[in-house]
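Here the chain labels run A, B, C, D and E in written order, and each chain numbers its own residues starting at 1.
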Amino acid sequence: MVPFARVALSNLFKKPSTRNFPRENVEAKPGYRGRIAYYGDKCRNCGMCVKVCSPGAITRTVTETPEGKDIAFEFDLTSCTFCGMCQDFCDEKAIELTADYHMAATDHKDLITSGVAHIRVPKGQLVCGEDCVYCTLCARKCPEGAITVDRTEKIWSVDHEKCTKCGTCVSACPKKALSFGE
Amino acid sequence: MNYTHFPVISVMGLFLGAFLVEVFGSKNKYIRNTIVLLITTCAAGLMLYLVKPVFIDGQIISYWMGNWEPVEGYAIGIGYEIDALGMFFVILTVLTIWLAAVYSIKYMEKDSHLGHYYTLFLMLSGSVLGLVCTGDIFNMFVMIEIMTFAAVALTAFRNKKGAHLEAAFKYLVVGCVGSGFTLAGIVLLYMQCHTLNMAQLASILHGNLTPVSVLALALMFTGFGVKSFIVPFHAPAADAYMSAPTSISMVFSGIVNKAGVYGMIRLLFVVFRVMDISSVQIMVVLFGVVTMFIGVTMALAQHDFKRLLAFHSISQIGYVITAVGICSMKGVVSGLFHAANHTLFKGLLFLCAGAVLYSTGTADLDKLGGLSKKMPKTTICFLIGAFSISGLPPFNGFASKWMIYQSLYDKAVTTGNFFYIFALVCAVVVSVMTLASFIKVTQAVFFGQTPAALKETHEVPFLMRLPMWIMSLLCVGCGIFYRFTGNNLLLPAMKSTFNITSYIDKMMGEGTAAASGIENITIHAETGFEYWEPVIWLVLFVTVLLAVFIVTLIGRRDRGKVLSTKEEADGKYATFFSGEKSSHSHVAGSDLFWGFKRNWKGYFNVMQKFHSGNVNDYSLMAVCCCALVIVFTYIVLL
Amino acid sequence: MSSFFQIIENIVKAMIFPGLLYATAGGLLLAGLDRKIIARMQRRVGPPVLQPTYDFLKLCGKETIVPHVANKPVFLAAPFVGYVSLVVMMLLIPIGGYSAFSGKADLIVILYLLTIPAVAMIVGGSASGSPFAGIGISREMVTMMAYELPLIIVFLSVAKLVGGDSMNFSLQDITAWQEQNGPVIFSLSMIPAAIAMLLIIPAEVGMQPFDVAEAETEICEGPLVEYSGFPLGMFKLGTAVRIFVMTSLFTSLFLGGITSGIHIGWTVCGVYVGDLLVRGLIHFAICAVITLLCMTFIHAITARLKIEHLFKFYWTVVAGLSLISLILVWIGV
Amino acid sequence: MIFNYITSVLLIVLGLYTVCAKRNLIKIVLGLGITDYGINMLIVSIGYNYGGTAPIYAQDLFNVGNSTAFVDPVPQALTLTSIVISACVDAMALALVIMVNKRYKSIDANEIRRLKG
Amino acid sequence: MFKKMIAAAGAKSPWIYHINTGSCNGCDIELVAVLTPRYDAERFGFKLAGTPRHADIVVVSGPVTSQSKERLIRTLEQVPEPKVVVTLGSCPKSGNVFKGSYSIECPVDKYTHVDVSIAGCTPKPEAIIEGLYTAAQILKEKRREMK
């Protein structure tokens, strides 16, 4: 007759449903988008994650090194929205949102994931081999838009100033026709 | 020292003072003030001199005008007689008059025609003092008339505003209808007993109530009811209190309605002695309960400070009438005690209202606010008054209300009548509503935020604060040492209301009372004060307060600091407005008790129609009530 | 010399047993228990029982900010008056057969002593000058008006039952009566009055369904909106002691003579400590907890009322209940 | 003698009727006057002793010997005071009506209702 | 004499006052979820306070929109002294997806010293409890060296 009366009384004798958090460690569900882990070695510095991150939480600083470039990535978790876009767009699977949700910190540095990607920049220029079938895949993949391909006249050309030698086209070409000539 | 002349001297002195002030005082302020203060102090001194013989030695002071002693058992002249009951009301009157005189010297400074003001004031005080001292019914009627005239003239004193004139006119019409009934009653009594002296009337009327004397009783009861502003006749009273200058409305609520109550007590207990009939008691208690309830509920709905206080004095008179109506020993003691307390705390509250009016110029609850920072001393006095009227324990309101409840439930048990339980419950609820309306006034006037217009109000001069301090000290004193006032003042007064043999013998010579068959009731000294020890409670309160204070002192260093600022501040010291800039938003009087008024919409609409403000309605109510009382007394007493 | 001991005994009574320490400790424990039981009823772990103590100590440490609109002396003095008057009331309520200051207060005095803490909070809130406090005050007053009517009727019915032909309002005689013929609640006609009293206590104390005056969500803690630091701590302490006072009042009125039979002979300096311990402390502790359970049960399953519903509820349902028992007692069932 | 009482009661009732029913303020004041006259009539007719003369104490009248030589003087004294009082009432009431008329510009009881509720 | 006890009690009964400066209410409902039976922050003494005067921990959520900036500053001033400011979610610290919009003026650091910041676009309740718990410890330190 009185709502919840029976429930309240019976609850008195049941075990409380509170998860005793600090003592028993609670695991986040699989697929929980938590703290970002960055694996510098896999990253190819294609810059897709930076372009895709809506709050602009990822910052890159490039430092020239004798055999190529060192790119320091910084993921600012306090401005990240944990959408996971960077993880999806990263072909190399260099970025992974782990299930670690313990992100409460007193000073700002604990909430910044950083990592360095060492990119060996090949000396030579981009050259297209003979078995190119002019499928224009490389043109579309190129983040800088440096490659122009004309299917009808079967002409392939590259603008060397724009090309940052990121290597996306090399891995994208189905016929493995592209390479950096020495 | 032959003190039998003192009552006449002080009454006539006051009237003489009125005449002198009119003649000399209208021009020069200092002459006027000295005359007024001199006369009122002398009257007070003379009457207080009588306190020792009347209360302690139990004497009764009788004085025949022109030394016309009664001839063969028939009183011819006008006799003054003061017994303990009369003396009790005399003290109240004299105290209130003196305080009002001191207060009005500074309060009325800004008005013009002060000569007339003081004449009317002294006429009013002289007539009330005369009414309380006299032993002759017609003399009492004449004093009532003088009182009504002075009161009406004083209500219309500030005739700039039309409302004051309207209030005076309504008060005059209903007042004169009431005194018409009283006069008719007196005359019928004279027709029956061929005498006007109350003592002789009492001895003649004892036992043989003829239809004519019952009609006289009903008419006089209604007449005195009109004068004491019980329910059907209370509407003009509320207007009169509001329009009169505050020092006068303090005298109104202090002694003018008490005069009506005194008349009623003298009538019912001494002259007619009908109070031992249970149905008469029920009628009187019914009047009291209805007055209590309507007075307080109307007060909750008011927007004006003085009108709210007016309705409260009506409801407190309801308490006194209920207590007296019980007609048990404890009942009369508590009734008289509440009458005294009412004069004290209601006078104090009106003085505070006057102080607020004096310094801010308005008494509208919606325009006032936050005065406690500008007028701290008035706030303290007001809080003492408010707490004692709403019956908080250490103060005097509680002592008398608590005794009223005791007598109510004793009566309920002895008679086994459920009506008194209803009266008791109603009394407690009305007491809480009184507290509610005074919380409303405290929040609206003294605490809360100060409106821009009142930024530079300052405290009232000392001469106005002196009466306030005296009254608040009396309020607290009566509350704590209520046994002292109980045993010394109230018990003799109660004895003289019940045992009137000495009252009659003093006036009419020995043995007249015994001849007419009036015998004394044995009054055992049980006072019923045994359950409540205010002194012990206060000692406990202070010791525990000290203990808490010491503990806080020890922990002083570890406690957080107390930060406060004087000037206007935003941010840290501003009130929390959920983030907004704290603008002036004062929860004024009219917005409080929204929930309560919505629940009682039906009742409040009826009340609006009941207080229509139309003179005809008020007089119609008076006449109908008189008819009802006549019919009731005929059914009951014959 | 005896008067010297008398003073010492009085001070001990005022400070230790039924006075300061006992009331404060009991109040804080009961308040902690209340929050714990509510949590358990909602199937959560709930704060430790000493949580109100921690709250009070934390508030002592905090800074007290007096708004510039407020009237400083009244603003700071109000909490102390409220708390001390509650402690003094604890002295006047007989615990078991033993009352600290016997016969010094009857039911009507208790009824009016209960208004002092409420008025202290009201004047304190009004002195703070905040509009939230203004609304909080009017709600507190309407709540007081609401529960005063049934409260006086309950007192009348208890007095009539105990007094037999004459009404007896003295708490001393009520406890004595219950020593002989068992607790008041067992007599059939008093059960509605007991239920009515159980419904009144939450409003008096300001617990969930009837805490319209201190509604945190709508008017941000009502009168307490501008309080911070030690004065706020004193008000919270006052509320806790008030729960204890009301439950022990309910126990002394309705659950009196349960342990009347047991007599333990330990006497320490003339005081029957054994008796006192059993009939007083243990009996009162159990009954206080039982009463608290009922109130917490109501608290756990209901939501806060609007002010006019509260007023209508008290003047119809609760007043009706208490009236039934008054009439039954009046007829002499 | 009975006619005196009937007329006085009638006068009182008539006066009260005008006070209660008439809306014009001056008529209300007149009503008050009429009630007072009724009561005065009542007072005077009470003191009448059959065959008595005016209560003036003269030597020759006294030795006539019958005790009811005089009419009862006390009610006449009362009537005098009552007449004075009712005169004052009328004077003050009319003064108030004039002032009310100046402020309210009307003397209709229904308009003069500023103080209500 | 009571200094240690009061400081210890400071950590045991931290009262929270929640300021929503234009948040999408994701963090707000998450904060309230913390008080539900499943997570039950009341175990540690956390309680939502009605006014800033009663607060110890001020939880700010949402990118400080220009409308709420002034109100945020005023409310933060009104909190009595040993107080701790906690930012909930990424918005207060950096404006999250609203960064660069004309109407937000975050981060909150411009207006007050932020003690604890709980990252996560709607941080998990356990993370919030952890953050509040560290805030309570900071409260104890602040209380200890206050004076």
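By our rule, a contact is a pair of C-beta atoms (placed from the backbone, for glycine too) under 8 Å apart; a residue touches a chain by one contact, two chains touch by 3 or more.
Since the model is a prediction, treat every value here as computed from it, not as a measurement.
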item	value
Intersection of contact partners for chain D and chain E	B
Centroid comparison with chain A (C-alpha atoms), farthest chain	D
Most centrally placed chain - per-chain CA mean versus overall CA mean	C
Selected interface, B-D versus B-C, where C-beta contact pairs are more numerous	B-C
Distance between the centres, which are taken as Cα means, of chain E and chain A, whole angstrom	31
Distance from the mean Cα position of chain E to that of chain B, given in whole angstrom	58
Chain centre separation in whole Å, for chain E relative to chain C (CA means)	35
Two or more partner chains touched - positions in chain B	555, 558, 560, 572, 574, 576, 578
Multi-chain contact sites of chain E, meaning residues that touch two or more partners	2, 6, 37-38, 40, 43, 51, 53, 78, 80-82, 146
Multi-chain contact sites of chain D, meaning residues that touch two or more partners	none
Touching chain combinations (by label order)	A-C, A-E, B-C, B-D, B-E, C-E
Touching residues (chain side chain C, partner chain A) in the complex	37, 39-46, 297, 300-301
Chain C residues touching chain B - in the complex, by the definition given at the top	11, 14-15, 19-20, 60-72, 74, 76, 80, 83-85, 87-88, 91-92, 101, 103-106, 108-109, 111-113, 115-116, 119, 122-123, 126-135, 137-139, 141-142, 144-145, 148-149, 152-153, 156, 159-160, 163, 165-167, 169-170, 220, 225-226, 229-230, 306-308, 310-312, 326, 330
Interface residues, chain B side, partner chain E - complex	554-555, 557-558, 560, 570-572, 574, 576, 578-581
For the chain B and chain C complex, residues of the former touching the latter	370, 372-373, 376, 379, 383, 387, 390-393, 398, 402, 405-406, 409-410, 412-414, 418, 421, 424-425, 428-429, 432-433, 435-436, 439-440, 442-443, 446-450, 530-533, 536-537, 540-541, 543-545, 547-549, 552, 555, 558-569, 572-578, 582, 585-587, 591-596, 598-599
Residue numbers on chain E that touch chain C, as the complex places them	2, 5-10, 12-14, 36-38, 40, 42-45, 48-51, 53-54, 56, 78, 80-82, 143, 146
